[in-house]
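Going in written order, the chains are labelled A, B, C and D, and every chain counts its residues from 1.
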Amino acid sequence: MKKLINAPENVVKEALAGMAAAHPDLLTVHYDPDIIVRAGAPKAKVGIISGGGSGHEPMHGGFVGYGMLDAACPGAVFTSPVPDQMLAATQAVNGGKGVLHIVKNYTGDVMNFEMAADLAAAEGIEVASVVTNDDVAVENSTWTAGRRGVGVTVLLEKIVGAAAEAGADLASCKALAEKVNNQGRSMGMALTACTVPHAGKPGFDLPDDEMEVGVGIHGEPGRRRVKVAAASEIAEMLAGPILEDLPFKRGDHVLAFVNGMGGTPLIELYLMYNELNKILTGNGISISRQLIGSYITSLEMAGCSFTLVKMDDELTKLWDAPVHTPALRWGM
Amino acid sequence: MKKLINAPENVVKEALAGMAAAHPDLLTVHYDPDIIVRAGAPKAKVGIISGGGSGHEPMHGGFVGYGMLDAACPGAVFTSPVPDQMLAATQAVNGGKGVLHIVKNYTGDVMNFEMAADLAAAEGIEVASVVTNDDVAVENSTWTAGRRGVGVTVLLEKIVGAAAEAGADLASCKALAEKVNNQGRSMGMALTACTVPHAGKPGFDLPDDEMEVGVGIHGEPGRRRVKVAAASEIAEMLAGPILEDLPFKRGDHVLAFVNGMGGTPLIELYLMYNELNKILTGNGISISRQLIGSYITSLEMAGCSFTLVKMDDELTKLWDAPVHTPALRWGM
Amino acid sequence: MQITAEHVIKFIELVAARIKEQRDYLTRLDSAIGDADHGVNLDRGFTAVLTKLSSVADKDVGAILKTVGTTLVSTVGGASGPLYGTAFLRAGMATANRFELSGDELLAALEAALEGIQTRGKSTRGEKTMIDAIGPGVDALRAALAAGDDLLTALQKGVAACEEGMKATVPMLATKGRASYLGERSIGHQDPGATSAYLMASALLEVAQGA
Amino acid sequence: MQITAEHVIKFIELVAARIKEQRDYLTRLDSAIGDADHGVNLDRGFTAVLTKLSSVADKDVGAILKTVGTTLVSTVGGASGPLYGTAFLRAGMATANRFELSGDELLAALEAALEGIQTRGKSTRGEKTMIDAIGPGVDALRAALAAGDDLLTALQKGVAACEEGMKATVPMLATKGRASYLGERSIGHQDPGATSAYLMASALLEVAQGA
């Protein structure tokens, strides 16, 4: 295992210390429980918080700031944070208008957030939750834990953050979050595995000529292993299931997000964007907004994911609204 | 070799097509010769262009836009662009106030830019050049090709781009560029090699317990190979030679740039920023501005580099000035 | 025989030691069908639990188990944190103010724990999770006690069933937790949570045997 | 014998073929002390040159070589593009309007090429570059012609010296080009540019031998 780290058990705290040193204008880091709280957020708004395992940077801590998250709860690497963190974050950002929890659909995340929400409710804080589940690689069946929450989470945090900044109330924020989640779909693939610092070994062995299709963001294997293919074929493997699923049709405008898994060079992401753009154009769908880069990652995994969200005027306006966080910034 | 590409010979053009599709508001891509030209740049300003091999994305194409570059010339992967590209870019951005060529000190880049400058001069276009050479890993001797241009290039393009946007003339832009270069130093390291698509094999073999210290950005081996060390020790190996070299002293304010080589997860960059911050604090130097991310890369290489630029009010103001490019954006 | 508060302290200490020993093994199991953190998660949790034990050394069984539960909830994270945390919390509620547990009281505590996991995890048996080890173990313990076995014999039968349950997760298709994302590919691997559950069960037996 | 314009066309075609054959070898050499692109760079350039050759098939040697030079400058990039480009341009200027070259004229063209590389690259011998192969080759050719050798014998001596020069780059410390960044670590590897220069020299000899 080769990593720019000291001891595996200190990775998260030391990276948090780096964030605190780098972005004092945007955020404050609290330890034990570890939370990242937006600096100088107005109190008279709905608080927006999210959280999940570490190793997905910049998600979520990199999205704390104006127009996006009010707090983030980083767990151990690939491990859901504990309820204490979400409770502390909820308390920190509650200004009386309630707090929205943005949760990715993983058993651990859902349970830990649920426990925190119960504790917060017991303190009289109004909490609403949205669970993202946009990964079409997983069959959406009542017999499974359901689809994973992946790329849509990033886009949703930006869009709902903008609405909260503009004064939307808790119910509207929750409804908006559900709308974005319903209108979004994702799928990812990996060329290489990644290594959890504590484990010291890659999560799976992948021969030099094979790749995993339908991976999540936790270094777990995907739905199937196939021979490495050309970028154009990989783009079809990802875009196909997304387009077959609801809700995309000819004439739609989408926000297209081509995401790197952490170890993928940008030149490859632009090349994949070119492939995605060709596929969508061929399907009569046009890209009205785009995001290209490594925003929801799996440590140093090489690979990419596509996320499409069907856009309308409301979502476009919120997407375009000013945002100022360590990882996403425009309009200010 | 596992990459998200189609044929190796089409990587650059297909990634350019992706950039063109993604950023029509910011830039236009011309082919044969391949150049990326800022969209809607005002004509009555000094044109700022740069270029170099591809594989370093977002540098340079990702820095084309308001307040930074007016054009970029992408060569083949790790190969200096040809004079035809720089000539075409110079012609495209020349508005009569002259054009500044920002060149990284590599034999190939310098020679190809020189030839282009000669050709442009023959057409009556006023051209000035600055050659960046901030890599302290290379001995600065008249007996060698001199120090490589690395991280400072990114910061310089931002700062000089802001000056040009504000109306500085060609001589001032050149003088400013030289000032930034003189006040900046960098050093990099690699945990893994990278694979040039055409070569199909990593540029060097690195055992699982070793790393290269003093690498450039072209996948070449570094100055020395040592056992993998803790992040704190690696930070010392990089910051030490930078601080020993001119021009940093107690009380200085610096712009600190922690750069990922392309395959390094952001969590590690923040952890390294934390180490750098501790070292600088210990030396009485304070970080007044920072940039953390993968901005000058070597394909999928894992590793990082540090760049420090000594700041003053002039440079700080120009750094803070609005910029809007695919890779750097603030203030607008 | 009875299970005393002292036994419970010893049991928790032994679980912590076993988890630390088997940390990499558990993580390796989780690496095959999950995200390679189960051993690390539980080790972090039980290491924290150890630092809390002295504060409840003279308390009743319920207080000890509740402290274990809240500490696990606050330090483990992931799926196993809320699940094991809830299990110990519920077992603690079932044993409030008790300094000694009869066989039936122990059974009631374990049933409460199992019930807590199932409620929190919305899971049933056969989904390739920890309850596929805990469930059969509790069943066997109940049956043995009902048949008049002494506690030690009953515990032995319970742990044996728990081990069988753990092994029976190998051919199962996961439909809960992270492993469910793998679909058919989850088949052929032993569930990490079932394995840690068996480690805990055998630690309980070991303490009872030493008693 | 004389070197005709037709020979020059054949020479360029042979260089293009040899470079394509040796592309991966050259790239491997560049991978050890450079950036793994020398073979790919030259192959891209000479592939482009081939498409231009028909347009100068009936032109004089100078026109042919100038077309090769400008095409290399426009398609190779890196260090070798301007260097080889300049070399062919200068050789073309030295042979303007000539349809046949005597030994002395060929020598003059090669001297102009070497001079061009040195000026463009600000390099001297002993720095572990292509001129450590070209320089000794030109010297040997000059000496042989001065000693009265016929052109073919002189070329043979020149190419042998060129090969020796190429091999002599192995123990050299690089002080120009990318390899110089490696410092002492550049020692022990053959320079890729010296190797491609030797390939070109031996192609010239092969064409002359077939003449």
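Methods note: a residue touches a chain if its C-beta (ideal position, glycine included) is under 8 Å from a C-beta of that chain, and two chains touch if they have at least 3 such contacts.
Fair warning: this is a prediction, and the values are worked out from it, not measured in the lab.
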How many angstrom lie between the CA centroids of chain B and chain C, rounded to a whole number? 55
Can you work out the whole-Å distance between the CA centroids of chain A and chain B? 29
Provide the C-alpha centroid distance between chain C and chain D, rounded to the nearest whole angstrom. 75
Taking each chain's centre as its mean C-alpha position, how far apart are chain A and chain C in Å? 32
Send over the residues of chain D in touch with two or more other chains. none
Of all residues in chain B, the ones touching two or more other chains: none
Among line, ring, star, complete and other, the chain touch graph is line
Interchain contacts (touch definition) - all pairs: A-B, A-C, B-D
Residue set of chain B touching chain A in the complex reads 2-7, 11-12, 14-19, 21-22, 54-55, 57-58, 62, 191-192, 208, 211, 228, 230-232, 234, 262-275, 277, 287, 290, 292, 294, 297, 299-300, 302-304, 326, 329-332
Note which residues of chain A are touching chain C in the complex, please. 33, 53, 75-84, 106-108, 111-112, 114-115, 137-139, 143-145, 148, 196, 198-199, 201, 203-204, 216, 218-221, 223-224
Which of the residues in chain C end up touching chain A in this complex? 24, 27-28, 31-37, 40-41, 44, 73-83, 120-121, 175-178, 180-183, 185
